[in-house]
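Should a chain be cited, it is by its letter among A, B, C, D and E, assigned in written order, with residues numbered from 1 in that chain.
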Amino acid sequence: MPAHLLPMPLANYVSLSAVMFFIGVAGVIVRRNPLIMLMSIELMFNAANLLFVAYARAWLNNAGHIFAFLVITVAAAEAAIALAIVVVAFRSSDRVDVDDVRTLHG
Amino acid sequence: MIPLLIILLPLVVGVLLYLLPREDVAVSKIAGAVVAAATVGLAIGGRTEEWTWHWFAHPFVANFHFGATFLSHWLVVLLTLCTFGAVVSTKVARTRSMIASLLFLEGTMAGLFLTRDLLVFALFWDAMLLPVFFVLLSWGPHPSIAWRYFLYNFAGGLVLLLAVAAFGALVGTTDVIGNPAYHGLTSGWAPWILAGLAFAFLVKTPVWPFHTWMPATYEGTPSPMVAVVSGVQSKAGLYGFIAISLALFPQYFAREAPVFAVLGVVSLLYGAFIALVQSDIKLVVAYSSLSHLGLVLLAIASLNHLAIEGAVVYIVAHGLFSALLFIVLGYVEEREETRSLGKLGGLGWKNPRLTGAFCVAALAALGLPGLAGFAGELVILIGVYESGYVWAAILALVAIVTASAYFLRLLQGATQGPEVADLPVRPDLTWIEGLALAPLLFALFYFGVYPHALLASGWLHP
Amino acid sequence: MSAIFWVPAIVLVASAVWTVTASKPVYSVVALLLNFVALAVLFLTLSAEFLAMIQLIVYSGAILVLFLFVIALLSSGVAPLSLGPNRLPRIVAPAAICVAVALGLVLAGVATSHGIPAPPRAAYANAGSAGMPGVFGSVGDFGKALFTTYLLPFEVTALILMVAVIGTIVLAGDETPYVASRRRAEQNRKAMREAIAREGD
Amino acid sequence: MAAPVSVNVTAADWAAVTPMFVLGLAGLAVLVADLIARAYVPRYAAIAIGIAGIVGAGVLCLHQYGSQYTAFGSGFVVDDISVLFEAIVLLAALGSIVLYGALGEARHVAAAVALMLWSASGAMLMAGAGNLMTVFLGLELLSLALYTLCGMADRAGAREAALKYLILSSTASGLLLYGMALLFGATGSVALASLANPTLAAQPLYWIGLGLFFIGLTFKLSLVPFHTWAPDVFQGAPLPVTAFMSVATKGGVLAVLARIVLTSLPPQHASALLLPVWIVAGISMIAGNVGMLAQTDLKRLLAYSGIAQIGYVVAALAGATTAGFDAAVYYFAAYSFMNLGAFAVAAMLSSDREEGAVLANYAGLGYRRPWLAFAMTVFLLAMAGLPPTAGFLGKIFLLRSTVQTGYVWLGALLVVGTAISLYAYGRVLRLMYAREPHRAYDPKPFAPLAAVSAAVCAIVVIVLTFYPFVP
Amino acid sequence: MILVALLLPLAGAALCWAFGPRLRGAAGWLATAAVGLSFIAILVAGSGREALFTWMPGFDFGLSLDRLSLLWSVVITGVGCLIHLYSIGYMHGDRGFARFFAYMNFFIFAMLLLVLSDNWVGLLIGWGLVGLASYFLIGYWFDRPSAVAAARKAFVMNVVGDVGMMFAIFLLVANLHTIRMSDAFASAASLSPALLYAICFGLFVGAAAKSAQVPLHTWLPDAMEGPTPVSALIHAATMVTAGVYLVARCAPLWDQSASAQMLVGTIGALTAISAAILGAAQWDIKRILAYSTMSQIGYMIMGVGVGAYAGGIAHFFTHAFFKAQLFLASGIIIHALGNEQDVRLMGGLRKRMPLAFWGILTGVLAISGIPGFSGFFSKDQIVAGALAHGHPYMYAVGIVTAGITAYYMFRLFFITFLGEYRGNVDPASVGITRETTNAAPHEPGDDAHHAPAWIMGLPVALLIIPTVLAGWLLFGSDASPSPWSRFFAPQFAGPATAAVPIPDWLTTAITFAVVLIGIGVAALRYATSAARADAVARLRSESLNMPKVLTHQYYMDALINFVFVRGARLLGAVFGRIVDPFVIDGAVRESATSAQSLGTAVRALQSGLLRAYAFVIAIGAGCFLVYYLVTGLPHR
């Protein structure tokens, strides 16, 4: 399918992805629940994936697809480890709040 | 090979002594003295020898290139003589490690003077601080003195390193000391490099206002070590000024010379006036050192041929008499159990030989005609005057008068006046103690009567 | 034709915002699920059918479920997931401004960028008819690339998953007891004993 | 552009990645051995297998030295950059794994060794990465293993470190990934080499993509202001992990940066594209050293020290000259040895309960353990850039490089930073040699592997000064 | 041979110093012999020049013996030899006997070096070394704090002089590029007047310090702390006249600078009269002699200053004899009285010590200028020379000083030798207010250990001869010049003298009249029978009524002490206790502290909050994006 057959101009996809990405970034900064932070990071990854797929389509280069696939795999692995760490880090505390985790500083 | 030997022999023996399983005063002293004596011979004999090992060629050429130049030859002779005196005169607890430190100091400083490579010079510059630092830590009254010594000088050493690196980056090689091909370099960076070099040299010498580490260091370091530090290590900066700053960047140095002249004169007077009111005998000599070396700096800054010749003589002379003074002061302290001028007195009757040596040293220090100090002083001042620094020459004369006052105060306070009653009479100079002093005394007389010996053999910049 | 873009797009942004602003992590998971579904739709519009499936299966099916498990695990005690005092109460506005500026910059970049030069048509002669080998975005096409040109990344992925397995086992699978919950249980028991004791008085 | 022509994988392609392959297998072998013989074999078995794997990988890696080819399409490049940095990474793994022998906590040693080996293989993958995918995967392999390693110690600090590292690093990965996506969009290819197309400079998204990419890299290099994770993580992570992190992560990322700087940017725009990186490096030199000034924990101090040191290394790449690259490699190698050595010393001072990172425990070390203190002195001198250590010569190389390439301001910052750092290193030295009353703290008399490691590092740090191995 | 003459005393000194304890009494003989041989060597050499060696590049050393240096050398070694001999007796039994002779011989060496050098540097070395010898000998009894202080004062003030000379030498060497004196004199005309004046000024500072001229004179009275033979040799006969030698030696310079001559003459005159007045107010026999020495050197300086070189050096020549004579004779008294030096506690010694009596009498007659005695001729020449060279004020001062000199010398003589012996009266009754006597515990006072009397007597007796007769060498007239002026005629080719308004005989007469007045006053006050009978009361009242300004030596000591010594110490204290620790070190400390506080501040930034870290990273990333977009845009 040639480029002009995209349902929308490429810029729309890119802009959409950027919006999504920065929503994720904002989530990492403002949220205190580690799980939501992690989910914000997933948003960032997915924004990147959208971009990869859009560009792959635009360039007709399936490297973007491969990349997106790899990102999904990595995200899965990362989620597993991340959640394990969150569990380990918070299972002995009453609250799940990253602001509480501040014994290391200075 | 001989230059390398002069450097390595003390270092290796020093390390071996450190590794000696137990304290053995006799072995340490004999080994130290033999090494020092051997290096005296090597230093006198090995003047024309050179030795090179290529270090790296990228990003600039740096070589372990050792070999005496005119001035460094005499500095090494001075160093070995002082070390010999210091080793033989050592009488402290933990003799072994003191002698090892002395040898280490000798090796590193021999490296400093003998190297023809600026980078290696900078390396040894820092290395030579370590033995003094550790001695100060171990024997000094308070660690803060050691740290002060180290930090001040090290700051200088770092700036030196930096300047040397800049030099290497600029010129492409640091193997330049005593190499006429590199004399008179011109570059926009030269003022900065010079400033870096000068900072290191001024701190080490020391020169006002970088001197505040010095009194406490001289006071706190045991006598044998301080004899070498004051006698030879303090010359490293002056040597640097003559053999590096002046030789490599003469026109830039000349531009900044008035600054050094002013610093020299300020040190000269500042040290003299402070020495006048000190009550600790080592502090008197310490501040006198500030004053005297200010004179040498003035000589160098005058850029006058005669003055610099005088500076060479005076550098050697100052090395001899300050080493002598500190060793003697060590003997005095050991016998009288105090360094306070208020408590000392009357040594002349009890220990005439010691007093005689003390007397010669103090008189040489105050510039008595006929001893080595005078020759340098006079020629320096003639040269300084000739170069147009009339005011400096006149102020230097004031300092000379002051010097006579404080050295007499020192000499008389310690050796004359009523005897201190409540101390047992200690034996006079033993032959071993005398052996430590004899070479220095001889040199002091010899170069006093015939200072030309120092210059007859050639000039620094051919 | 544009609805197929705009509807998922709006859902995508809305769900993303919800994910970030949700008051409870469970809501976030739900929002994220929505988000992924919308994303999968968008993938479909970009002729990435295989990836759309993967997105739904792996992301929504595996990862989000994992999140739910962990939420359940962490809130298994007496108290639900709760927050302590906010130590950076005034961070939201600056962060929002910062992020908005960055987003603005990127959008400006998007607006000023050239379009993509026309891709070489010859590479995919029969582009458009999905599901066939040699057709862009098809499984066959994807698989061929993955096992030839991009074999090394694929192999590395294996190692990454291995790390994830071992890591998770090592981290979460040790014998450290659930201190907090046990402490809370202990407290409850104590309180009960005391209450019983009071009753008895 | 990037025609999607499939590439057939040949034996030569596999040969390029054999070192990583060996490491991966060694990791498995460690786990298997542990599974089979946990009850009979002490942790040294794991360490031994790990060492064997590293040595094997090292041999294979050095065998590649001098050759130059790409494998897996553009996916993996074998050249000087990859071989040198792979070697350093292997060194880091070796120096870190042996530290497990000195620490009291015996649980999970096998898993830790395996993870560290895999992590190292990730870093090595980055060192040879020729396209964005390999970079990303290498980075993730490295990072994921490290998250786990950080959290493995049974201490609150370790868990906190793991959490902070995880979240911040993942965020950075997100930025990096987004940058990669934009770059892919701009070039239509994932190969690093395609970034060098000069026409790309007309695309703002190319610039933004590269910017985000560099943010990701500088985050991993812990350059200011992307350094914030490093002190906490270094302090909280178990000692061997900190040692590993301080070298291996940075080695991999530096290789990527070097490859991009040297080969993958349009020359006419390179200086503009890289300026923020140099600025960040310059800030790091100052801020890292200032951060050290008042620290009380060795690992934390070394984290700040690393921030500054990596700033120096990156500065050497400024100007993209071969001499600069040599300087960077030399300094980074020296840095590896001094850092690993310092951690080895710390390991030797560790007890079953406590890691030897509390600076107060170093008081009077010069008198209690003179040789150990001597080794530590060598490392500290090297970090401060003082003779006669490789740190000194390295700094001279760096200075020369910055001056030659016209980045004098970086050289000046390097000097200022060094001056500040002296105070910090001097504090530790002073502590070790001050004759002041100190806490009697002398846990273990002897930990052979760590001792050998410290000794070797000290010797190398000195010997490198005199045989710099730089043409 | 000149070198031999120079080195003989040095060898003697070295031997005495090295083998002192073993030589015992022989040290004295050895030293005396060395000086005697040196005397003979000088006479044998007669004149000549010997090149030695290159001291520094361009600095060639050599010795030269011309008529001027011959004169000095002869006096130094001749009188020196006698005083050495005398010292064998005087110092007998002292525990530093050998050391004493080592110093004495060393002094002779240094003084010979001073006068024999043909160059400025050698002169300066000798100049410094005589100062050293003087220092050693003044502080010879170094367990006596007053001696130590006196020695230091002498040395430091002499260094002031050395430094003045050094200054002159800079000017000479820097401008003429030679250190050989004769070369310098030959080209002196090429120097500008201001430069010449500066050179002369510098040289004269040296001369004034060495010769105890105002205002650098305060060390000389204190120098009497040394043993009496030292006072005789160094602080009367030889060293203190080095200034005279210097001015005479540099006559070619002075001849070209009238203002310098004026300065020298004025200082000389001032010293002559002020020291004479002080001499009249002293009670210590050696201090009286010390002030008289100052006064007489003032004469000499005035003489050579105004250009009457022959007269000036003639006075040196005669003064060397009679002042040595006076010192040695008073040494006999001091020795015999157990180190009593206060004349108020003497009296009536004529019978008890006839040799001392005759020695002092001839000395007093000579110094007072009684015709026929040596001092008469030389002093007359100076006074007349002052007028001849056009300095009437100096002429007048010279005459007045002659009267005062006669007064205080006869005062000394009368008080010491006439009347009753007062050694056993209460010191307070004669007005002595000091707490303790000045007697040194080490001064050999035990008769049982005395050396043979002739050893001390012989030199005194021998010196009587030149004291009386040496002046006749100067006897002559314009028509038939004296042997003296013929001998020195080639040495000094000064400008012609002016026409003299007053004939020479009238000058002689006036001077003699004034001298007689002085003697008369002294006789009236101390020699009448009434005065002799009432000596104790009169001395007491004179002591108590002595003007303070005189007992405090015009407050010169206090002034110098206040301005220079206290000033320098204050400066040192300010530098050492305030500037060093607070200003310089303070700055360093401040920077260290600020480094520490900076570190602490940075630690506070690293808050430990994850979100804060993320925020910092986000801000950094924002900056990156701004840069990349802004830089990226223009490229489109």
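Here is the rule we go by: contacts are C-beta pairs under 8 Å (C-beta built on N, C-alpha and C of every residue); 3 or more make two chains touch, one makes a residue touch a chain.
On a predicted model such as this, the values are computed, not experimentally measured, just so you know.
Both subunit A and subunit C are touched by D, E. Averaging the CA coordinates per chain and comparing them to the mean over all protein CA atoms picks out B as nearest. Interface comparison, A-E versus B-E: the higher number of contacting C-beta pairs is recorded for B-E. Among the remaining chains, the Cα-based centre furthest from that of subunit B is the centre of C.
Of all chains, the one whose Cα centroid sits at the greatest distance from that of subunit D is E.
With each centre defined as the average position of its C-alpha atoms, the distance from subunit B to subunit D rounds to 45 Å. Inter-chain centre distance (subunit A to subunit B, centres taken as mean C-alpha positions): 68 Å. Put simply, the C-alpha centre of subunit C and that of subunit E have 104 angstrom between them. Computed centre separation for the pair subunit D/subunit E is 79 angstrom, with centres defined by C-alpha atoms.
Of all residues in subunit B, none touches 2 or more other chains. Taken residue by residue, subunit E touches two or more other chains at 603, 606, 608-612, 614-615, 618-619, 621, 625, 629, 632-633, 636, whereas all remaining positions touch fewer.
Counting partners per residue, subunit D has 1, 4, 133, 137, 140, 144, 147-148, 151, 163-164, 167, 171, 175, 185, 188, 202-205, 207-208, 231-232, 294-295 as the residues that reach two or more other chains.
By the definition given earlier, chain contacts exist for A-C, A-D, A-E, B-D, B-E, C-D, C-E, D-E.
Residue ranges on subunit B touching subunit E, taken from their complex, read 152, 209, 211-212, 215, 270, 273-278, 287, 306, 309-310, 313, 346, 348-349, 352, 356, 363, 366, 368-370, 374-375, 378-379, 381-382, 385-386, 393-394, 397-398, 400-402, 404-405, 408-409, 412, 415-419, 450-452, 455-456. If you check the complex, the residues on subunit A that touch subunit C are 1-3, 5-16, 18-20, 22-27, 29-33, 35-36, 38-40, 42-43, 46, 49-50, 53-63, 65-66, 68-70, 72-81, 83-88, 90-97, 99-100, 102.
The part of subunit A that touches subunit D in the complex is made up of residues 14, 17, 21, 24-25, 28, 34, 37-38, 41, 44-45, 47-49, 51-52, 54-56, 58-64, 66-67, 70-71, 74, 77-78, 81-82, 84-86, 88-89, 98, 101-106. Subunit C makes touch with subunit E in their complex at residues 87-88, 91, 94-95, 98-99, 101-102, 105-106, 108-109, 112, 114.
Interface of subunit D with subunit C (complex): residues 1, 3-9, 13, 17, 24, 31, 71-73, 75-76, 107-108, 111-112, 114-115, 118-119, 121-122, 125, 133-134, 137-138, 140-141, 144-145, 147-148, 151-152, 154, 185-186, 188, 202-205, 207-208.
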